[in-house]
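Have a look at the structure below before the remarks.
Order as written gives the chain letters A, B, C and D; numbering starts at 1 within each chain.
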């Protein structure tokens, strides 16, 4: 089933003001760079963005914050971003902070038709406020609900024309669960190959979860914390 | 972290009467053949076996039924097994039938520290009896609990010394979730390779879930329904 | 003339739409894969962990690791994917599969289905059927209009233990295509040469019959 | 003399046991990886999706796709595995990780920990910390005994918003190794040359001090 669209313009058709988007990535690693640039170009506003992080001031989701296109962020950690901080403290930006594991599981649940599940994470903290608590095996757990999005935008290493995706190293992170949880899922890939070229035993995201796929024009793949050791 | 044990005898040390075992496989595909033979040899009794199917009379879990080592089966489908039918109808064998998707998800939940989740499967049927019902998005769901086991026994295609596993084709099935849900997980593999030989991007079961791994002596890999087409 | 199993499969194949992922149950539903209309791009999912199923293998090329949910040896098409059972039911429960076709022992006019258990007889289990019917938005039942004892399987209420409630949208039998809507059966089409009277007489549930009932085109 | 950060990391490294999978938080905990005792086989898990982390890359060999949870470029050891975030937290929540080491702003004598939020200041988020502390059976906190204002961080009750309740088992600071048990702090070891009096004076919570408090051997 051919999912290929020609370019990022075609890929993002239908994204409108006020929609909820999921965006894959951890820090600046494995983020859909080309789609984020296109979102800036489109100028869609009042977005709710579900993403583990919020980028940095001049890269990643930080770009959408600069242009004030984001109404609400749903994330686990939003440091390293001055504009974010300013908007958050001034009340321009709503922020919903979620434990990282609960965020990942809630996205998976959304894609897997599990409306809610119990987790111990956050019990006894402000994260648990207003949530049902139940004891299992002598330990309190809180009920967390599924997350879904109008569009999920993920970044993969390679993809085929059927929308099957593989990720590289830790650039996988949130991308597979978000790919499952989008009403429409858009994948931008570094390399797009014909169906049959990827080994069917080793696909990370089966194409059934992906509605549109395109080869990204350019990947900067910026490094956030360059840590190295000296050669002897 | 070296998880290699020398053989099936060493791999199954500690399995005792009355324990709960998970066994991977779908039909006769991807079942831990060597470990099942060893269980027969060990003669451990009153086992509770969590396995999608129950094998056939003379292969797979059917072997453990012949020797009356199983007290209870937790499965989604148990056809193709006359001895099973006899024991079930005579009341010798307890059987807990679970929708296949709930079985898979309950095993995953057990391995993932999710004590319970809601699913629509089984609502309005006898499967829902005694279970909490709750409406999400206008649709009734039932609360299902996690499954775990004293030992999970899985079969993989290749494994490395760290316990990392890859499966082949549809022989994957229930093996990955069960590998997560065992207090002790034993993997039998067709090929055992040194750490570093498997591509870290394409591991199906990370070694953290596996406590013991060994190369199976012999794999019959019997076919249950041989369906073919004629060449023109 | 009443349809044979192949005819039922052919009629159901006409329901396929381009771009659909489809799960076919064991028996008649499996045959549907053989009659996909030309030019339609559909993919078949099997709940044991495969997307992109192909036809049976040539003799001598069977692979014990490659089976469908009916445990039959199969092949894969280009672009196929293998995955675990949890991911497979994530696809099903998460409504990523657009059509489910399965067999049934009974269907009721509010869309209930019974297809897994006959009290007093050997129970083999529900397999993936309960997950499929609870989640699929589009379920077609492929079955014979009556059971072996000659009793209608298209009922006001199911008498057997249920597999799912209010889920079936359409039934295709050897006699008719019937839609389920507003708590009633609606006769859409009749098999070539089969009379409306015969269908009515063999249907126990409330059947709405329009003035004109077209013949199926197989 | 009070330990430096390296000293704290070295002391915590002594807690490692053969065969353990370990999650190290950002800051001092990360340093623990540098002091694994010879002959011990431990694997480091990072919640962004990696098992089998190695040291930082050589200059020029950084890979943007290969980072740890602190977003630092890293390398992998033989036998490493990459996986998605849901699987990563399945490992953590499912208790497959034997030890979690993380920093804290406050720890209370019943094992509560606060390390993610200061009311009125910019909140960056809890990241994976709440999942880690809620599930880990063995949590060691690595931190300074007092905050920058000189106030004890080892308290009867936390004053900051909690990250988790009743979960911390051990605290290693620049002054002491303290166990949390039965709702109290228990002084196990003191840093070389640091007096019991200094530790007592800098500990706000109830501290049980045995007759003999050995010096750490670093």
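Just so we're on the same page, a residue touches a chain if its C-beta (ideal position, glycine included) is under 8 Å from a C-beta of that chain, and two chains touch if they have at least 3 such contacts.
What you are looking at is a predicted structure, and each value in this text was computed from that prediction instead of being measured.
Chains touching both subunit C and subunit D: A, B. Taking the mean of C-alpha positions as each chain's centre, the chain lying farthest from the centre of subunit C is D. Rounded to a whole number, the gap between the C-alpha centres of subunit A and subunit B is 33 angstrom. Separation between the centroids of subunit A and subunit D, computed from CA atoms only, is 28 Å.
The distance from the centre of subunit A to the centre of subunit C, each centre being the mean of the chain's C-alpha atoms, comes to 36 Å. Shown for subunit D are the residues that touch two or more other chains, namely 82-83, 86, 89, 92-93, 135. Counting partner chains per residue, subunit B has residues 105, 108, 112-114, 119-120, 167-169, 200-201 touching two or more of them. Shown are all chain pairs that touch, namely A-B, A-C, A-D, B-C, B-D. Listed in rising order, the residues of subunit D touching subunit A in the complex are 46-50, 55-74, 82-86, 88-89, 92-93, 112, 122-131, 134-135, 161-166. Contact residues of subunit B toward subunit D in the complex are 1-2, 108, 110-114, 160-162, 164, 180, 194-196, 200-201, 203, 206-209. Of all residues in subunit D, only 19, 21, 41-43, 45, 51-52, 76, 78-83, 86-87, 89-97, 135 touch subunit B in the complex they form.
The touching residues of subunit A, counted against subunit B in their complex, run 105, 109, 112-120, 134, 136-137, 141, 145, 166-169, 200-202. Residues of subunit A touching subunit D in their complex: 26-30, 52, 75-79, 85, 88-89, 95, 97, 99-105, 107-108, 119-127, 157, 167-177, 204, 221-231.
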